[in-house]
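In the two complexes that follow, subunit A is the common piece, with subunit B as its partner first and subunit C second.
Let's turn to the complex of A and B:
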């Protein structure tokens, strides 16, 4: 009898017990700091101990007067646009090549393209710091092409700093995008291709009218992930350029948050930068949902 | 036939480009200081000059310490986050209980927020808890992930209710149902998520860089970032390259162990229609 009641009790309490460790940590270390970040963004602080309420002035200053934030925003947006414009066609192109029935050793190729994704941004930064060096591999290759010794100041020239970051990040992420596109391409109904072929559609028309509609949800997903990741860019330029780079041309929004919060020590201002980032990312996500009429398949 | 050959030649060329930085890295790690700058990849004709010195010199750096720290933090993080996410995901998928819908909505809401916005508030909290320069500040908040619990909930929806009922009739406690029935069904998700969370912690930089101050507590990305900036390594970067190579190996090994789960997890779990 007693045992029976205990049994019923454990069945009833089980779901609560299962989510409670998660919820406890979640509330203390996610929701609470989140609300503190929101509050802090209306304060000016010196380290974690001293703060003064300043109302909206952090936001006003960020949007109206802070030239460095404007530069960070511009750098980050330009990087993200260039990244998407290059990564999407390259990843999709690789996936199309690899999805051909004629390809042998497909897994080996897929792994060679994907493997760079396993290397974290910091390690990629360390490797490319040397590759882009005055006597690095990339200048060697450029020299071999040009026929004489070439020293391109990749990391120290203001105009080349962000393109260098972009090259490194394309190396990191192209294979990753390819894996997603490959999965999507395999789920396109082969009968559609046969039907299109019978109607006399050429390669390009088949791509436009069968492939693209078939992979549209995945395309939307990869674009969204790329855009979100682009606006969160931090480690790669931070390591590769050892900071903000020449003329702060490698300064990104998150790097600025880090510098303001933990070098300058104004947690309030850093929080305000964080919420600006939230606003940007939510806007992007919203546009994406409207534009692609796409929703991640989550919920019941 | 010709087209097929061309296709493969193109793929080989592209794959060579993709792995070139790895090839260069491996070469650089085994070259002596004299050969580092003079030869692009390997000192052909003088292969006997290849050396293990870079790896030996790593011992003089606090590198071994950082490696141990990274392995410890990443492993503990992965075990905790997989356990808590799968338990929570099981409850959200297979039980009806009060507060389930609000929990789901809050998880989905926080999934959309970039983690960086948490950083100032978390730092302030860690300061008041006296967790600055402590691994607690990295392990405890990292033990939960909104994405993790949502992914596991999705996977756990596939656990057949009949199987759970059978288990109950056989006298299994609810915790046993999770361990003996639900977890085996979502095994591919466990593999994929183990790899993802290990990778994320192994490569994480911003938060440890803010929290950890004592060099003996550094993780590999922090340590290597520091070495890269030091002037004395500009002309002796073989050591840094050896360190980078060693830093990449553990994740590569884990990937090989879990790759089947990972690829199928990516393919099925990401998005549908």
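Let's turn to the complex of A and C:
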């Protein structure tokens, strides 16, 4: 083989060689498990040696008859909607506040608000488990305000279980959203604010017509990530409510998947739940892309 | 020397290289001849730690003694319960011999998933022959095999997959000091109705003395524990051994309505307590003044609320009707042998030694484990017949209560409890029905008007669950 041909061969093979480690790992740890789980979702599996192909039966049951899945979906959707409705304004508000030059110790505050995100869902679950107890700090404060012992059944009342999870997750994630909005706010051209001010725009109008359009791609991203995170909610309610919670009001789709897979041992059905979740998330993402008219080139 | 990609990349690369070498060269410990997985810290300590004999001399640990007597090296692995369940399920499904332990301990709430396959495919080894040949099958409390066994539909034979480690009879522990102050003799209540009446008197007294929020007994509004205990007392399993559902039984309806009105409406006496072990503090503060206590739970009161010493007392469960058991059962652990174990005979020997032998019982007692074993022969040990000063003696007497004797008396009468892969979901569904019943009562509904709607809710629940069970049935 002459030198020219050798170089050409190298040039042609090099890209494949460079991506091959990633491809190998991706195939082993992503593609294979994903395709296996897709296959599993069309099977009824039991024990180590038996599985039977059941076609769409798992999906039909899931969508047509499974009340618990419906409940889990409803809980998760309600949580996600409430989470986004609260997290986005709170994160954005914090970001606006902490991007103002009039606030002293801005970096300290930024770090403080973000730091809750570093501890993770399980840890937050453990902390709020103590705070929300019948004799926890929150009831103590309520009692101090009311002037007598107050027992709000945060974790044992079906109507308060999910709001408790919501409060804990907002504590966890508001700072996280704030960091993204802070970055986005810095990219808004200051001249636009000056121009708006010269045109007589007030604070609210500047926010509405300059800030919001300026951070729109980031807003879309935070909403998207929040929605995906909301639908994947598992550890926090699992720790905080010690399972599905009172009257299964803390049951989420992923928790239900876990229960079917590891409490009932039906891996085929659990896989079907997983793929149903994928379908829901893809649909949500598609809707959001349409809603925000998301353009990847200006995105994150 | 310069590194063209920059110092951070150089440092990271070096760290990665050093780690890789360290991992590569790290010696892999030789696999022990027998590996046991346990989720229970006390059990792990009992098996691994040295303990004093009757004369106070320090004995080798049970694992060491086994190795000395029988030869095989034993490793006891303590694994978090959730982690053990997932790893075990995964190992048994994949039949990965190297990853599968030889023996494992499984908690009662987790056993259902492992018993889902047909009898021949359950990942645990049937122990009937071992139990029969060794004679242990006749020495262990018979009703405690129920959760760990499955009926073979082909032969009708009950296949036992685990040896029970405990019995867990249930009593009620109450604040004797507070009930006495209110002039209520709680132990005189022999039926649940009488119990409720006395608790209402108790609450009225304390409400008039500035404790309006004081509730008589801890009952869960969001969990199934106490309602399941009551149902078991009446010999009702939500799903029985043959996977038949019992939601539409008259007794279940009656119990569900009774339970709902213990929690809501004008005759409510129960309240939720803090999760985890926080309930002991609720008891100590007098937020709730009685609690259902299986033997493992009674120990928590002593451990986490020592200030209650001499202020609490134990009583059997009141009954609904004479045929009910004066107790129930809650929780439980078994030890089983994995089907992939290459030396089942050796594994059985280890199981016998760690779980059933007199040495094992001695080690448990030495470790301060006051849970009653499942072998009545051992109930004669003096430790189970000592007066416990933590629990108050009868009124006017001192010296503590014979708590061990009470548990032993009740242990002989514990009802059978079955666990299936769907038991967990059945409990979830029952709690949902109870919640509807509680809401009905809380909104002013009358108890006698609850029968009709509650029966309908239970029937709906049964239909739904039956569909699920039918759907989950495996027909190869």
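Just so we're on the same page, the second predicted complex is superposed on the first by the 273 of 300 C-alpha atoms of A that agree within 3 Å, B and C clash if a C-alpha of one lies under 4 Å from a C-alpha of the other, contacts with A are read in each partner's own complex, and residues count from 1 in each chain.
One rule holds in what follows: a contact is a pair of C-beta atoms (placed from the backbone, for glycine too) under 8 Å apart; a residue touches a chain by one contact, two chains touch by 3 or more.
Just so it is clear, the structure is predicted and the values come from calculations on it, not from any experiment.
*Asks:* Subunit A superposed: clash or fit between subunit B and subunit C?
*Replies:* clash
*Asks:* First (subunit B), second (subunit C), both or neither: which does A:210 touch?
*Replies:* neither
*Asks:* Contacts for A:242 in the overlay, against subunit B (first) and subunit C (second): which applies, first, second, both or neither?
*Replies:* In the superposition, A:242 contacts both subunit B and subunit C.
*Asks:* Once the shared chain is lined up, is A:129 touching subunit B (first), subunit C (second), both, or neither of them?
*Replies:* In the superposition, A:129 touches subunit B and subunit C alike.
*Asks:* Let me test your reading of the model: by the given contact rule, A:165 touches which partner, first (subunit B), second (subunit C), both or neither?
*Replies:* Neither partner.
*Asks:* So in the superposed three-chain picture, is A:262 touching just subunit B, just subunit C, both, or none of them (first/second/both/neither)?
*Replies:* Touch status of A:262: both partners.
*Asks:* Which one hits more subunit A residues, subunit B or subunit C?
*Replies:* Between subunit B and subunit C, B touches the greater number of residues in subunit A.
*Asks:* Once chain A of both complexes is superposed, is A:173 in touch with subunit B (first), subunit C (second), both, or neither?
*Replies:* neither
*Asks:* Looking at A:233, would you say it contacts subunit B, subunit C, both, or neither? Reply first, second, both or neither.
*Replies:* A:233 contacts neither subunit B nor subunit C.
*Asks:* In the superposed arrangement, which partner chain does A:61 touch: subunit B (first), subunit C (second), both, or neither?
*Replies:* In the superposition, A:61 touches subunit C alone.
*Asks:* Does subunit B (first) or subunit C (second) touch A:35, or do both, or does neither?
*Replies:* first
*Asks:* Need the overlap of the two footprints on subunit A, from subunit B and from subunit C, as residue ranges.
*Replies:* 48-49, 129, 135, 242, 262, 267
*Asks:* For the complex, give me every residue of subunit A touching subunit B.
*Replies:* Its residues touching subunit B are 10-11, 14-16, 18-19, 21-23, 25-26, 29-38, 40, 48-49, 94, 97-98, 100, 102-104, 109, 111-113, 115-116, 118-123, 125-131, 135, 137, 140, 171, 174-175, 179-180, 183, 186, 217-218, 221, 228, 231-232, 234-235, 238-239, 242, 254, 257-258, 261-262, 267-268, 270-271, 274-275, 277-278, 281-282, 285, 296-299.
*Asks:* What residues of subunit A sit close enough to touch subunit C in their complex?
*Replies:* The contact residues of subunit A facing subunit C are 44, 46-50, 52, 57, 61, 65-68, 129, 133-136, 149, 151, 153, 155-158, 161, 242, 244-248, 259, 262-267, 269.
*Asks:* Could you pull out which subunit C residues touch subunit A in their complex?
*Replies:* So the residues of subunit C touching subunit A come out as 85-86, 89, 92-95, 110, 112-114, 116-118, 121-123, 213, 220-223, 271-276, 278, 281-282, 285, 287, 421-422, 424-425, 428, 431-432, 435, 464, 467-468, 471-472, 474-476.
*Asks:* Inside the complex, what are the residues of subunit B that reach subunit A?
*Replies:* 3-4, 7-8, 10-11, 14-15, 18-22, 24-25, 28, 37, 40, 84-85, 87-88, 90-92, 95-97, 100, 103-104, 106, 108, 110, 112-114, 116-125, 127-128, 140-141, 143-144, 146, 149-150, 154, 168, 173-175, 178, 199, 202-206, 209-210, 221, 224-225, 227-229, 237, 240-241, 244, 247-248, 251-252, 255, 259, 263, 266-267, 270-273
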